[in-house]
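What follows is a group of structures, each given as structure tokens.
You will see chain A twice below: alongside chain B first, and alongside chain C after that.
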Partner chain A sequence: MWLAVLAASLGAAAAGRVLGKAVTAALVVVVPFALWALAIHGLFFPEGRTVLAAFGPARVTAEGLAYAGGIVLRTAALVVVMLAFSTWVEVPVLRAALVRRGVPAQLGYVLSTALGLASTVAERLERIREAQEARGLVVRQSLPGRIVAARLQVVPLVLQLVDEAGERAPALEARGQALPGRRTSYVDEPDSRAQRALRWVLAVASLAVVVSVMVPAVAGVLGGGR
Partner chain B sequence: MSHQLTVDAPRRSPLRTFLTILGVAAVVATYAFLIVSEPADVVNGPSASSALVALVGFGLAMVLLFAGILPTLPTTTLALIPVALVLNIVLGQFVGSTLVPIYLDSIGTVLVGYLAGPSAGATTGLLSNLVWSFFNPSVLPFAAGAAAIGALAGLSARLGIVRRFYLVPIAGLVTGFVAAAIAAPIAVIVFGGTATGATGAIIALFRAAGEGLVQSVTTGAFTSDLPDKLVTFSVAAALAYALPRRSTQRFEFVRRYRVLAGAKRTGEPADSKAAPAA
Partner chain C sequence: MTPVLTAHVRRFAYDDVGPPAVRDVRLALEPGSLVAALGASGSGKSTLAKIVAGWALQGGHARFEGTLELAPGPDGPGGRLEFSGSRDDPRLRLGAWGQRVAYVPQRPGDLLTGAAASVGEELAFSLEQRGVERGAMRERVVRAARAVGLGELLERHPGRLSGGEQRRLALGCALVERPDVVVLDEPSASLDADGAEALAELVDGLRRDGAAVVMFAAAVDALVRRADRCLLLDGGTSAAEGTPDEVLASSAFAASGVASAGREATGPTDGPAAQAPGGQGSRPLAELDRVTFAYALARGHAARPVLDGACLTAGPGEVIALTGPNGAGKSTALRHFAGLARPLSGTVRIGGTDIAGVPAGRVAATVGTLFQDPRDQLFERTALREVSFGLAALGLARDAARARALEALDAVGLARQADVHPYELSSSEQRLVALATVLARRPTVLLLDEPTVGLDGRALGRLDAAVTDAARAGSAVVLSTHDHAWARRRAHRVLALERGRFAEA
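After this line comes the complex of A and B, so read on.
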């Protein structure tokens, strides 16, 4: 089942022409997770019965491997679905779509600003490092040396960012960020009747799945608890 | 539509307070369910229904808290939140994959909690995980823990703990305890007790000693969250004191509850020169 989800989301990513980006981003997340899952559950699974190989305290068991495989597959499905969305989506369009559906405008502001800032901050950190190195900063191997170096780079960054945020606040205020009421957007979201219908179908279907799984689970716990 | 240009942000209304309470209730209910239904037998594979309950419950709580809190935040706070999110991510990567079992991925959240109060801190925690999940979706299920961290940071600032900075590490430890207690069941149920980095190594160690999965993950969560939050709270307090007063006193929360020491007395030399590195 998880393989089907994986295939479907990869297909969607391919249709959205972001397959490469989505796969790269997903591999960055999934590969370390899979390695650790193998290390934890593949080697050490005291409940396992079928021992395939043993090295001292580490025993490779069939049950452990199956468990790790299941977890990794499930996580990979979750990760790929979400990354296929986040690599495909254009943040301004997402923001317009959210605002049009009555989501507080603040959420759109925070999302788009944070995603925009993330790319500039890395660049700015680089510039601060260069400036500090020009002033004679040498990153030493020792732990205190690293802490000093981190402090010299992080404190200016934080000061700069917080100060900028303080300056942005009056500007936002002057543009009526805090006012209630309708927002107009420069960006229009592409939409069609078919898409709208499909969305409703999918929403109802997922709601049905969630309810059909959750109700017995919750009822079971409540019944068992008493 | 006769708005004044300087109209205040819509502050708390009964409906919004109700939504916030409902959101907190959703977190508590989901958590209680996860504890009660904690899988005793991991051998049968990961249980999908508990994971779904966890995701749906915490997702619902997230929506309710956003609807309840976001519109009430003043603009100064709102402008700070994206900065905090980026700090979380950048500083978290700064420490990155060292073999110390700490992640330091909530310094920005704690800083907002200190400067703007519990509800702003909780929102920042939620948003941080939401934005981070654009790059790494596996952090999204831990949003409830991040919200609790922000809220507790704000609460400790309000109680004057940041003013008496010798208490900050203790507040950090308490928060670490709560964060670990929230994160451990999620780590077991959603990710089958798999963690990367040093926390994963601790889990593997306890599993090698024959401990149960829930036991090992809980131990791993506590050994990494307690020192992590201790360091995070201390670093965030140091940053708050390093900021120029012009920046910190902009926040009504800081002024009203006198969060930072030395805010009342003027002309303190240490304060005006607090940022020599800038």
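After this line comes the complex of A and C, so read on.
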């Protein structure tokens, strides 16, 4: 099932023309996690019986590998779903949709800035790097070179973001963000009958899945308690 | 006429222990009037702007003794707030205050939400919060965009605007709410000639509609001379008041350090035009040879080249000023010299060598860049550390680097602020620290992107001296500016950037 979810989200990403971006971002998250999972569960799985190889206390077991593979697959599916969504979504439209459904404006703002944070951070990092390059920092194009350069940019980046957040608070307040009352939105939210129908189908399907799991479980607990 | 807003600041301090930033100042803003508050760096001018705008009273750290009174208007009942500097003081509700008292901060980016994907959306933000219907909202957004000259850029991402365009956007955000009072901090900064004229028309329009406008500036410009009343701030308090002519003629003005076009800034008065540049035969230090460049735009948009076969040569001892409207590509041209932008076609030569493939960090060994927004280049904990950054890479030992950094800070008059965090300095001082970081490297090519913006008279004097000294030492100076009078006084050549090419202005 996780494979199906993964395939569906990759398909959706491809349809939304963000496949490359989403996959690149997902790899950054999933690959280190996979290495970690394989190291922990592939080598040290207490319940492992079928030993494939042993290095002192570490044993590679089939059960351990299967367990690690399962975790990685699940994580990969969830990560790809999230990243495909956040790279594809048009933040203003999302905010308009949230506002129309009565989500508090502040929450809508937080959501949209959180989704836009990656690009803000990237832009800031670039500006700081340029300032440092203009004063003689040579950034090598290799990965280690970039990491060394990034280390110099992290502290100023955090300081800038904190300072900016402090400056931004009164601006948002003065422009009415905390005012009570109804909100409207500048951006039109495109919607269609098919989309509305699909949303209902998905909602009902989710409910059905939950019910199909919960009802037997609850019945089992009650039955067992009797 | 009764004022729409009256402010009486008996004492304002940012915290319990510090000295007051502003004391004993009264402002009365009448509908349809323009008041200009002048003050050099550190005079309390930006703080007073923030008090009137209500921003300084947020957060609960500041100690304010005084009153703010807003007359009733169509969008609000008005009221009088009495502050005594105690915990029981009334709370100024910025959401309601901001609807009637609009404020454009010194750094326009501070007013923007950072969450909008287009200029239109940014302009609409406050209307969305007040529940204005979409049809009416779009109409007001389009009108505000046109009023500030951004009618063509409604779909542009705010992050892709030039410095001047961003200021226009912030102005638009303030106007879109049809406020009763408009507070402008350094409104003319980084606006081109058209922008300055449009600003003057905008202010006239606001006044005709009955709004009170108050502007704060460190330099006297055409807008200041149009004011009904003028207030001079010095040391956090009022030093002179009256009509602009009366204030500009006062002895307090002469002592205040406010820059004035009519008065030569302090410092060396011999412009670089007095010396002959390195002669036609000498090898150019910096050269753009038929450079074409365009920014990549979102898919579906054809990119218009910013530079289109642009040629520019700067020789030793030469000062060249680039002018041109906001967004013309002046900063982009400077970035090419620094190796921070790379041409799509054409060649950039520094000291006669093509810098294609040379990392910007190496180009920086001979090229020094002062960025348009000084905060883009300040990233260290103290001014001294800031100026020292990267000096070791020039082959300077620790002590020599420190001495060089202190010398540069002294050259811009900030030796005493060596241990202050750059963010705690005034914006004029921030620009000077940024200038010091460049001077400390003793570059042979000096790039200055709008260096005069927000500088008071003293700071302008330091800048003039730095430019003159660099040229005298044989460096090439290429700068961009909207201040034509200053450019003509300081530069050997003034070039206009139009349609991607340079032409003698």
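Here is the rule we go by: the second predicted complex is superposed on the first by the 154 of 226 C-alpha atoms of A that agree within 3 Å, B and C clash if a C-alpha of one lies under 4 Å from a C-alpha of the other, contacts with A are read in each partner's own complex, and residues count from 1 in each chain.
Operating definition for what follows: contacts are C-beta pairs under 8 Å (C-beta built on N, C-alpha and C of every residue); 3 or more make two chains touch, one makes a residue touch a chain.
Predicted model, so just to flag it, every value in this text is computed and none were measured.
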Partner chain(s) touched by A:Glu90 [first = chain B, second = chain C, both, neither]: second
First (chain B), second (chain C), both or neither touched by A:Leu78: first
Contacts of A:Pro216 with chain B and chain C, given as first, second, both or neither: first
Partner chain(s) touched by A:Val99 [first = chain B, second = chain C, both, neither]: second
Contacts of A:Leu172 with chain B and chain C, given as first, second, both or neither: both
Broader residue contact with chain A after superposition on the shared chain, chain B or chain C: B
Residues of chain A that lie at the interface with chain B and also at the interface with chain C: 109, 113, 155-156, 159-160, 163-164, 168-170, 172-174, 176-179, 181
For the chain B and chain A complex, residues of the former touching the latter: 1, 3, 5-10, 33, 36-37, 42-43, 45-46, 48-53, 56, 66-67, 70-71, 73-76, 78-83, 85-87, 89-91, 94, 111, 127, 130-131, 133-138, 140, 191-197, 200, 203-204, 207-208, 210-212, 239, 242-244, 246-247, 250, 275, 277-278
Chain B-touching residues of chain A, taken from the complex the two chains share: 25, 28-29, 32-33, 36-37, 39-41, 43-48, 57-58, 63, 66-68, 70-72, 74-75, 78-79, 81-83, 86, 103-104, 106-107, 109-111, 113-115, 117-118, 121-122, 125, 150-152, 154-166, 168-170, 172-174, 176-181, 210, 213-214, 216-218, 220-221, 225
Touch list for chain C against partner chain A, complex: 53-55, 58-59, 94-99, 103, 105, 110-118, 120-121, 124-134, 137-138, 141, 159, 173, 338-340, 359-362, 364-365, 367-369, 371, 375-380, 389-390, 393-394, 423, 437, 441
Residues on chain A engaged by chain C in the complex (per definition of touch): 90-92, 95, 99, 105, 109, 112-113, 116, 120, 123, 127-128, 130-140, 153, 155-156, 159-160, 163-164, 167-179, 181-188
